[in-house]
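My questions all concern the structure below.
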């Protein structure tokens, strides 16, 4: 076979790195050569992350990040809104997307063969946690035959079983099988424009000296003190607060406890929720003494 | 008489801005956000290697702090803030200088620089945000990790399960020196929290704030449990709230009765493997600490509850 | 009023520091440096120097404090030696990239096991990759003068890099010599007020040294490399200005001695240069055409200057007072690098390790190796002089 390259897009905590490692182990179990590695960013749980895998019959020497994948794995479909996920997908390549939608309803940004699977539901159902990596692995076996489902299941047993116990290994292995069975095949849409993120990449002459920045603007974006406020973290979470101000006694406990600072208050203590930054931790609802705040899963009808 | 600061009348302006990259439900973010609100814009922040450096200090070219910020290494918070303060003092600038380090950066690798700054009674505020392990590198044990806890370097093995030693009593290390102020804080005791920060802000000399900051990722807890964890830690005696002024210890919140430690342990995954025997060991360690802290030599509370339960509506949980 | 005093190298450093009026002086004692901070403490407690003296809990903390203070935009000084410098190692990598022109006086002392408190350069040579300018002094007068020059160079807007001034433990640090101490007003007019490149200030907040991803690190590192290159002309310029103001000139990156018609030459560093001068004079009186190149700066390294100085020599030797284990002395490695392709035979001469006394005869022995080398004989690449036992 020719070298087969995979790029995973997920969020910190979803297990993208573990998925990449498991697919590599599955290939190794089949007597192939493989490599898997993460892109180590700096952000935490919930932030967009990437991982890469390569599979070949021969020794793999290329250690660069995968820029033209044969397979694209999208573990969180909300990433399609904010990241250039489909960039570089090879002609004839395929995409595996965690989504309740059918492939034809998914707008990847390029028309491509696509397998969709509601991995979140499978994970919640079988593992009682939204950790979708093992379900995604099952869907990957469905999407292409570069490794067999059985090898993936064995690799899951090896990796997860060792870490979390045999029972967890078996559950995860079953999740992969369920996902394999429930995956839907088709072709996704290419209407979305894949936009590279705005980046400021100065030459060495343009780089401000001293690793120091004042509040200023570079390449059309704010940099320096406070400029992280452009980072809209609201896409990280799965739920948002619903605030009923008629029940609110303005005790300010939610305002104090919100780690994001996305609850704003005016001088009279009135509160406003800026959910552009809300990661859905639910602490505001937790500390509210009057049940004025409830957490709702995103997309669910109010 | 001036009304004490509380969460309703404290300053609202943020200096750790929205968009910071912490995990959902991060205790450090809650603590630092509120400390920065109280300290205000005339503040300079030093953060050593830690989660806060990455999610707050930021990744070039972006920072979530809108005040002057510096980083240089892991173990030197007490030293760098001493230098910053000296530089400002020489220029006649009266600036609040704060260093915010994690438990690894304070209990372990940063202890020497911290002790030096305390001994010199440097005019700075040192905050330890304590999540009881090296969370930035993926949950390795620190001197702060409690007995029995799982971390990646105190794994739950077939033979040895979790950390064998106990949590270091950092406050007694720090307060054994003649410093201006030291206090323990909990994000679940909000008015107590802001009053202590306010007090620290207005004093001169070395001020040490020790905040317990639950960590959903490292404690294997739900992000929404951060508050309950902080609260139950105090109710079970895993954490206690007091301050030390001029060497005098006063308790700022006294739980009505001691809750069994299991009520704290069950809220998180890092203790779930613990044997009955290990739980008993931890419980008797807590009992010893509890008695030393609250009975019988500890001074009476003298109406502090009224101050804390603003308006007496019981929200504070006292 | 200028005054003439009998000062040790350490005392000369302390006088130089006092005249430069640093604002913050974090410090930690270590032999053979301690006298510097003791002397500075005396100056401060006697009211002769107005500065914040911070007794640190370690050299690591001392450098950390220097970074904090310098980042607010004030002139900063610290000093150490050997193990102390090694303990600072981690922090030494911060001021160059953050562009904090801190002055550090390092009193060279051998580092690690198999050594004591005496001079060797394995402490400072180990830091040559950190981005600090690094100069080595020959006598007490040069120590004092270079403290003043160092601040002028380091704070020059074209440079803004930290400066490490090195002096030999005991042989210089504890040796009393005649030193002319400049007048305070002279120094004040020679050394402009420090204007930082960036500074911590709540009135105009800056984020300084936040985490940097691979997207920016490379440009930053190249910029630092170029910045060090920018220091080259400034070092010569400041030496000229210093000569005009104080009447003493040191030659910039290198100095030469009797090189005009030299057929063999030795590159020396630190106090060894003085003793080597004696050897050169004696050999010259015997009719031998020998000369000396005094390496004054290890960073920026004087590649060009050395190439020019040795253009006509038939053999060149390099004196090294430290060894990169199984890999030659560090000065030799640099020099051979400079002269790659020149065809000049170059040899390494290790001596004085661990503070062993360097005799005039030792340098004569080096020149005799160079004689053989110049006559086309095959000689060892690296000779240890004064070593017991066959090499």
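Order of writing sets the labels: A, B and C. Residues in every chain begin at 1.
We adopt the following convention: a contact is a pair of C-beta atoms (placed from the backbone, for glycine too) under 8 Å apart; a residue touches a chain by one contact, two chains touch by 3 or more.
Note that the structure is predicted; figures quoted are calculated from it, not measured.
Shared contact partners of chain A and chain B, listed by label: C.
Set against the C-alpha centre of chain A, every other chain centre is closer than that of C.
Note on chain placement: the centre of chain A and the centre of chain B lie 31 Å apart, centres being C-alpha means. Each chain gets a centre from the mean of its Cα atoms; for chain B and chain C, those two points are 44 Å apart.
Averaging Cα coordinates per chain places chain A and chain C 53 Å apart. Among all residues of chain B, those that touch two or more other chains are 54, 58-63, 65-69. For chain C, the set of residues that touch two or more other chains comprises 98, 205-213, 216.
Looking at chain A, one finds that residues 42, 211, 213, 215, 224-226 touch two or more other chains. Residues 7-8, 12, 14, 16-27, 29-30, 33-34, 51, 54-55, 58-69, 187, 190, 216-217, 222-228, 313-315 of chain B are the ones touching chain A in the complex. Every residue of chain A that touches chain C in the complex is listed here, in rising order: 41-42, 199, 201-205, 207, 209-215, 224-226. Those residues of chain B that touch chain C in the complex are listed here as 41-44, 46, 53-54, 57-63, 65-73, 75-76, 78-91, 93, 95, 112-113, 115-116, 119-120. Residues 23-24, 26, 51-52, 54-58, 60-62, 64-74, 76, 90-91, 94, 98, 200-202, 205-213, 216 of chain C touch chain B in their complex.
Those residues of chain C lying in contact with chain A across their complex are 97-99, 160, 197-198, 204-213, 215-216, 218-220, 222-223, 226-227.
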